[in-house]
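Each in structure tokens, the structures are laid out below.
Two complexes come next, and they have one chain in common, subunit A, joined by subunit B in the first and subunit C in the second.
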Partner chain A sequence: MNSKIEHIEYYLPKKYETLKDLKKDNPSWNIKKIYNTTGINKRFIASNENIVDMAEKSCQKLIKKNKIKNIDFLILVTQSSPSGIPTSANILHQKLKLDQKCLCFDINQGCSGFIYALAVAASLIKANICKSGIVVCSEKYSKYIGKNDSSCRPIFSDASSSVFVKKSKKSKIKGFVLGSDGNGYKNLIVPSKNMKIRNKILKKNKIYMDGSNVFLFTLNKVKECFNQILKKSKLEKNKVDYYIFHQASKFVLENLVRKIGIDKKKNIVNLDKVGNTVSASIPIALKMALQKKKIKKNSKVLLLGFGVGYSWGGCIIEC
Partner chain B sequence: MNSKIEHIEYYLPKKYETLKDLKKDNPSWNIKKIYNTTGINKRFIASNENIVDMAEKSCQKLIKKNKIKNIDFLILVTQSSPSGIPTSANILHQKLKLDQKCLCFDINQGCSGFIYALAVAASLIKANICKSGIVVCSEKYSKYIGKNDSSCRPIFSDASSSVFVKKSKKSKIKGFVLGSDGNGYKNLIVPSKNMKIRNKILKKNKIYMDGSNVFLFTLNKVKECFNQILKKSKLEKNKVDYYIFHQASKFVLENLVRKIGIDKKKNIVNLDKVGNTVSASIPIALKMALQKKKIKKNSKVLLLGFGVGYSWGGCIIEC
Partner chain C sequence: MLTENKVINLIQATLGKKNKITLKSSSNNTENWDSLNHLNILEKLDKATKGKVAEIAEIATATSVKEIVNILKKKKLLSK
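Take a look at the complex of A and B:
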């Protein structure tokens, strides 16, 4: 049995910060220069909400709007759970009043996390363990970021996205390519107390990002992954209608378009008003593009996530 | 493509505590009574090791002993990661010097976690995304448990187990039944700072377990799940050679045997010298029984995990 993405919804917290707000805390920052690099003006901040609260909101919207009934799985992708025990997906299961036959677990993976969870969802359907269910990505990186962190604060944004995946006669999710390079694990990290890295690089911040090294990894690895997806899907580059990369930053996306050699017009970007929402970024960009009819029905869209870990993954979907 | 479990290894920390050690910290405890209920005398404590260190040790043993080469996935089951960012599986990927084509992520799920990860592994193989890989369960609940916690300290033990799963012509892992009941999420929990439950029930401990409620859930739900697994696998109860339940405690296992109505001799128990190692418990019990030739080759074994979440899951494997 094959599978398809049937519905998408997302949630953005009410509170947000603009570059002007960042300037107040950091008078020395050149916000024009920051905007030219990141492409991000507005970033959402989940102040009183945790990732379960945000996940609940996008799931509720998804379920009610589409009158969804058969939820066999609830896979919650996050790296910012309020607690490790129990898994946040079980708390969400209670809040959504789901059936006992619905299996739940969290996947911890970052900017590639949606693709990983989609691969797991499609596989559970293929193996006939499940027929349909929800992949929800919910991230609150803001809780790790200090006021004066010039690497992370201008970029990361809190949000959740919920995607309903169900079985389908035609294969509408395919060509998965997934990979990792643990050698880069220290370049985007919230170090634990016992990690030696902690004293060296962290003062007021909980999170550390070596932007240059993450960028270099991205340029090399994403192109390779992109070509492998096309090969695995037996598709020529010009047969893909749109590309949605993880919404890392304007600088990263522009360089990827140039390095891979793709048409800029086919590349979906929603950074300006949403920011980099980690694992939630690809579904939000996809939904916005569908709503605005930038992406037409029955299009072939290449999705590709990459980042923290290092980790990367992509696939082709049919909308 | 179907799948099978090919190899298993486990790691227990050097440091351990016996009931006598617990008595020193808690002179009022009746350790004979505790032993009669738990069946556990020895519990392992990962003092200077985190879950990645323990996972590394069982994985190294697994890989070296069996000269394993093709590792397409590394799924790490844990609820006690040193940090949320990056996923611990990526750090483990670096320590094991694995190939870039190996996909990595953590699954957060507790005592049912091995079954969940096994279902995901078998599904990734079924969907032809992977051919073979490792499911590693590594838990350090000791870091959440206070010296005077009479519910948790006599039970939970730190350990890791690593299982190599690969494709197989014959289906040797089947009949998955997985479910959840989020209504029980507060009955085994490490509450986050903002949870109201924190002030009510927790003083010195980070973890809280309502043993009676978890036990009642177990008795009802595990029997139901057990029967569903048999039905899904089209097997009569007497065609199953052995049963391995999550090694919760002697009291729980004895009541399950009675409630379900199974032969006590077919029920594998290794609690005495290992304790309750959360998600690692089923693979460790399976490996020990295979080593001691309690379980014979080509046997049909029903595996069933249950607990925190609430969450449950089981399947039938052929050894």
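Take a look at the complex of A and C:
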């Protein structure tokens, strides 16, 4: 049994911060230099909402707008759950008043999380366990970011995306490649207690990112993953119509285009408008590109997420 | 292939003329050598070595000219 992405919706909190707001808190920051590197001016902040609240809003939008009835699974990707137990997916299941036959669980993954969840969704359909369901990515990294954190505060944005995946006669999601390298776990981390890494004291429950190490990992691994996806999908690079990488930062995306050797015009970027929304970044970029008709129907789009863990994953979808 | 002088010039070009870059320069004694410019240095080194630098994880935390030069020497990416 094959599967396809049928509908996508997303939710962005009302509150947002611009670079001017960051400058107020950090007068010494060179805002122009930060913008030139990140490509991000506006980041959304979920001040009074948690990830379940945001997930509920994007799911309600998805369900109502598309009159969705058959939801056999609910997979919630998040790393900022309001509680350890139960899973946030169960709380969301209750809020959405879903049927008891609908299985639900969380996936704790970051920027590759959407691809991981999509692979699980496609597998559930292929195994004939489910016919259709929702993959939700909801993230609130802002709760881990200190106001003077120059590595993370200019980048990460809160958001939720919901994607309806259903069975399909034609294979419209293929070539999954997933991988991980635990050696990089210390380079992007929210420690549960104070800890020391390379002479740096990391604070409990605050995010730490070693940008240089993460950057080198990205340059290396994403190219390898990209080529594996093409090989697995039996596609030449020039037969792919568009690329949507995890929207990490302008600097990273420009370097990926250089490193992989792809046409810049085919690379979808929406950083300026929403920032880096972690696992929600790929579905939001895909939805925005479809809305603007930047991506046309029946296009082949390569999706590739990478980051915290380290972890990475990608596939090809047909829109 | 890169030389020691080319590495110094590349870092100088990245960080601007505010500080004179020498073999003794590091992020501790060079005003502009912050985390964002360190990324720019890594990018330029990667371009200059045709993608070889991205494969050297230890260069990510090398924040002095001497450390960078030594790593490039060890990886045989630097000629005399």
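To be clear about the criterion, the second predicted complex is superposed on the first by the 309 of 319 C-alpha atoms of A that agree within 3 Å, B and C clash if a C-alpha of one lies under 4 Å from a C-alpha of the other, contacts with A are read in each partner's own complex, and residues count from 1 in each chain.
In this text, contacts are C-beta pairs under 8 Å (C-beta built on N, C-alpha and C of every residue); 3 or more make two chains touch, one makes a residue touch a chain.
Bear in mind the structure is a predicted one, so any value in this text is a computation, not a measurement.
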{"item": "Touched partner set for A:105, first subunit B, second subunit C, both or neither", "value": "first"}
{"item": "In the superposition, subunit B vs subunit C on subunit A residues touched", "value": "B"}
{"item": "First (subunit B), second (subunit C), both or neither touched by A:185", "value": "first"}
{"item": "Partner chain in contact with A:281 - subunit B first, subunit C second, else both or neither", "value": "neither"}
{"item": "First, second, both or neither for A:129, with subunit B first and subunit C second", "value": "first"}
{"item": "Partner chain(s) touched by A:211 [first = subunit B, second = subunit C, both, neither]", "value": "second"}
{"item": "Partner chain(s) touched by A:138 [first = subunit B, second = subunit C, both, neither]", "value": "neither"}
{"item": "Partner chain in contact with A:220 - subunit B first, subunit C second, else both or neither", "value": "second"}
{"item": "Subunit A-facing residues of subunit C, complex", "value": "35-36, 38-39, 42-43, 46-47, 51, 53-57, 59-61"}
{"item": "Parts of subunit A lying in touch with subunit C, wherever the complex brings them together", "value": "33-34, 37, 150-151, 198, 210-213, 215-217, 219-220, 251, 255, 258-259"}
{"item": "Subunit B to subunit A touching residues, read off their complex", "value": "50, 74, 78-95, 98, 100-110, 113, 116, 119-120, 122-124, 126-127, 129, 144, 176, 178-183, 185, 188-192, 194-195, 207, 308-311, 313"}
